[in-house]
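Note that the chains take the letters A, B, C and D in the order they are written out, and that residue 1 is the start of every chain.
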């Protein structure tokens, strides 16, 4: 039976709550299911002590989750929109990320911060950002970006079992996507990119919410221009699986990186710089990037569409990459 | 009603008219949103009109206003034209913010409405800043900030109380305590029922009023605003009220207590003022005429907003920086 | 002294010994830092020893402790060996944190010292988390967090008071109110002199004591810790004290009021306890012997710490992640 | 007479306070000079209302500064360590950066956030970070990184005169550096990189605190290996002057980017990706980057040295760039 991204996340939480009494959930309205319904029903099953509503105190609840992790729980914190981790960066960056290091390995922080990013339907400037590049730049954090229901399920289970703090970034456009989940338990490998579509003419690297769009664009580029692109879903940004990208590049010799975050200073820059450094001679053309315009996300749908990467821009980039260079 | 203002019929009628305007506006936006014609998440202030109307009625045009995610009523009450507010919420180029901001980010600088923000509590220090600017320049101006009970969970609220009292900033804090934040009751957010308790250690003058009684709100706001202007320090108004709508348009409200809702419907601030006015001898026809005038103005505004052009895609990246994009030093 | 503990000579002597330990330790670190032998910024707790000693004396080894930038005394009082603390402050591999953390980031997990942080106020929610872990597991354990008066400026302090009261977390807040934050007096930080005022709206039990009277601190801490253990909710202890040292070693202290300093020197908590003990009939020689033992232990610790190896440069990136760096999935 | 970086910053503040009554300073202990002495004496000259001490409330004082800017002041806010902007990111990113856009151009935010970054002398994990890459990724912010006393003076004046929010990042190792300042008033151009050392064999791009080190390294590479490197100080990251870099590259055909921030996801990635995209054919070798190891900044000096870029690592990278490729 097809399962939605939302349900897949819930199944992962459900299984991990059942498996390990140290797993606890906290966040705003999580006992009522949370703003996106991911935790629906879990408070009823595991009690409001283990699926715990919090006040609107992003800083304190993140700090509290860090302290709880240090003291041996495995908290899964929901931060409703990634835009609000701006309120929790001290706790995430100065405390969670550095705890293990500063203590010389005495303590670790098995914490998952589930949050939700991306633009859709006019959520506007303060509810639409993609801020994963910040987190990728912080030693000590892991950054995971599930791109489908299966991935959401397997990666969330993997994240909860990690002993280091994970920022787990869901995408608002994906919650309603559906696909079959494995019948038996599955924990995804963390740090291994996934080839979503095989191809020979170019490599397109992406992650998270952009993945389905890139797959569609690749199909269209194949149909319309005969370009057979390989699509790689990074799955996680830390760890970053550059090897899988380079292996693909050794066959395609052309690379495009696509993400929804603004292009300037985004994850695509790191991927491009890293690949160009280790596989310069494999490149038959400049690495191209497609990301959002350097603009806050506008409210009006016409403007939102204009600043975000879309199928057309990805196809055009592929054409430029393969035909012109 | 023992309020000293109750005899002032002009005032009462103008409060009535503003509350009708907001009520009709929110109902219209609710319908449009339910029909999928409003982008984004839309938060209505239905049931809380008395706070917006009562507080803003004591402000001067040059006073500064800040609000949060539930800002339509405040913006209208500060004097913004219905058409421009509606056009913004529909994402049109003719909107207050040229369609860039939307429902949660209304700004009408010319009327002192300096901004709404979608981050709960994020607006509070901004208001302090505007008040500070007035103080530094020696202007007779104050800043008012509206926020919900949930905002007291954000630490910046407490930091701001401290700063406002320490720097004696001319700012009026207005908490609309509707007893709920999204799907969760106040009791699950705090053991402290009244957010104004947090202002007391700072010696900030506090008034707690029935937020569904527009005259009570008006009277308390007037007293506090007077204090702020005279003493040049902050004051805190807490209005007990109730959100008759869902958290956002589309909220299934499974958490909602039906009996509670029914009880609060009885306390609808608009019906209450209506009853008072009728009791005072205002003819029913007068009220109907006023409401009808608002209804027509709204219909016109809707027509204008609906047919207004969306912003041009080519202008999507305008207004990010103040320098013209041609300037070589522009990013 | 009317404290009920004053008759307990063993207790008084052990408090004395801990205070001497901290005093000598800070003096030594001060000398080393002035001589350029301590990396980073070093904040001493000289003059505030009674708080660390008095509070930690009522804790059990398994109780959790959190502190801030001025954490040496707290860490020693929780039972960490002088050598390992000193070695950490000197950046040695034998230090508590293998030289990775330093003066502001002491951790001694085995003794319940779960962390000091250099971000003012940043430690407070962490303590709530540890208390929550104990609560979830049904353990008879509490968390104590030390912070300064300045930390009440950080909103997370207020968010944490709310959460602790709401979730009834077994946490003891301990504010060392020394009336200053860096170079600025309390009056310039807040109109509220006592930070414990902020705990009152939440119905958190509060005690304010003379933080230079170790027996007063001990007695109040004991009562509150007892309450936390029994009631399973938070409590708040505010200790009025004074920072006899500069903000950091090297602080020129131009802002310092000399008369105030002189007056507080009279209230030195160590001299005070000494006088009390002598008045109780403890022989002066006993006190001298205790101090001498501490002096010798410190000298030995210094020798050990000084000659300990620094961390190996090749291991600079160890301990960032818990997975072995060889694992392919490691970043 | 030689002027220190600290004094140069103070001169800029002094002149701007004198010039424009809308300019105000706020921050922790600023009336007493601030933690690094930059504002010393200004409260005495301009009054404690215009040079105003604040509580330790990074979030509220940043929000307050934003509101003041919106209402027409030109606040210069001091955030003592960049590590503490983690407490102010909502105000900076969700409010300041987006205000102009969200208001459709009605309001602007002429705010300067002066802060101080970098590692030195064991300041350790929470007082040593270099977080400029985060800020560069936020549309609406300007990011300025002065590398010398003259630059500090001229760029701070330019920043204060900007109508958009500027994050102005000083470096703790630079405060004591001295050089002659121009006798008459000078406002530096914003958005124009600066060639610090001319050379023909390679281009080294850097900014802020690393600039003097890179210049030394270039001198050593010239003396020891005959490599004549051109050194470019970016001055600001937003705007980013790619043109000056590309022009240099057209002569040198080799590029090294150096910064103190961790390499992963750092500014160097954006510079490398951008240059490689627009000037791929100019490159005779892979672009190299030197940044800090992916590690929190350690306390022990031996470890601090090990994770930070140093002269030796820069020289080695230059050798690799020029000799091997």
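Quick note on the criterion: a residue touches a chain if its C-beta (ideal position, glycine included) is under 8 Å from a C-beta of that chain, and two chains touch if they have at least 3 such contacts.
For clarity, every value in this text was computed on a predicted model and none was experimentally measured.
**Q** So, comparing C-alpha centroids, which chain is the farthest one from subunit B?
**A** C
**Q** Out of C-D and B-D, which chain pair has the most contact pairs?
**A** Result of the comparison of C-D and B-D: B-D.
**Q** If you average the CA atoms of subunit C and of subunit D, how far apart do the two points sit, in angstrom?
**A** The mean C-alpha positions of subunit C and subunit D differ by 36 Å.
**Q** Centroid of subunit A to centroid of subunit C, CA atoms only: how many Å?
**A** One centre to the other, that is 40 Å.
**Q** From the C-alpha centre of subunit B to that of subunit C, how far is it in Å?
**A** 46
**Q** Mark out which residues of subunit B touch at least two other chains, giving numbers and ranges.
**A** In subunit B, 97, 99-101, 105, 117, 119, 153-156, 159, 162, 166, 188-190, 320, 331 touch at least two other chains.
**Q** For subunit D, what residues touch not just one other chain but two or more?
**A** 55, 57, 59-60, 83-84, 86-87, 90, 94, 101-102, 124-126, 139-140, 238, 240, 293-296, 298-299
**Q** What does subunit C use to touch subunit A in their complex?
**A** 64, 66, 95-101, 105, 107-110, 114-115, 117, 119, 122, 124-134, 136-137, 143, 155-156, 159-160, 162-163, 166-167, 318-323, 328-331
**Q** What does subunit D use to touch subunit B in their complex?
**A** Listed in rising order, the residues of subunit D that touch subunit B are 24, 49-50, 52, 54-55, 57, 59-73, 75, 90-91, 94-95, 99-108, 139-140, 142, 162-164, 189-192, 238-240.
**Q** State the interface residues of subunit A toward subunit B in the complex, per the touch definition above.
**A** Residue list for subunit A touching subunit B: 28-29, 31-33, 35, 53, 55-60, 83-84, 86-87, 121-127, 293-296, 298-307.
**Q** Give the list of subunit C residues in touch with subunit B in this complex.
**A** Where subunit C meets subunit B, its residues are 152-159, 162, 165-166, 188-192, 197-198, 200-203.
**Q** In the complex formed with subunit A, which residues of subunit D make contact?
**A** 59, 83-84, 86-87, 89-90, 92-94, 97-98, 101-102, 124-126, 131, 133-134, 136-137, 139-140, 238, 240, 261-262, 264-270, 272-274, 276-278, 280, 283, 285-289, 293-296, 298-299
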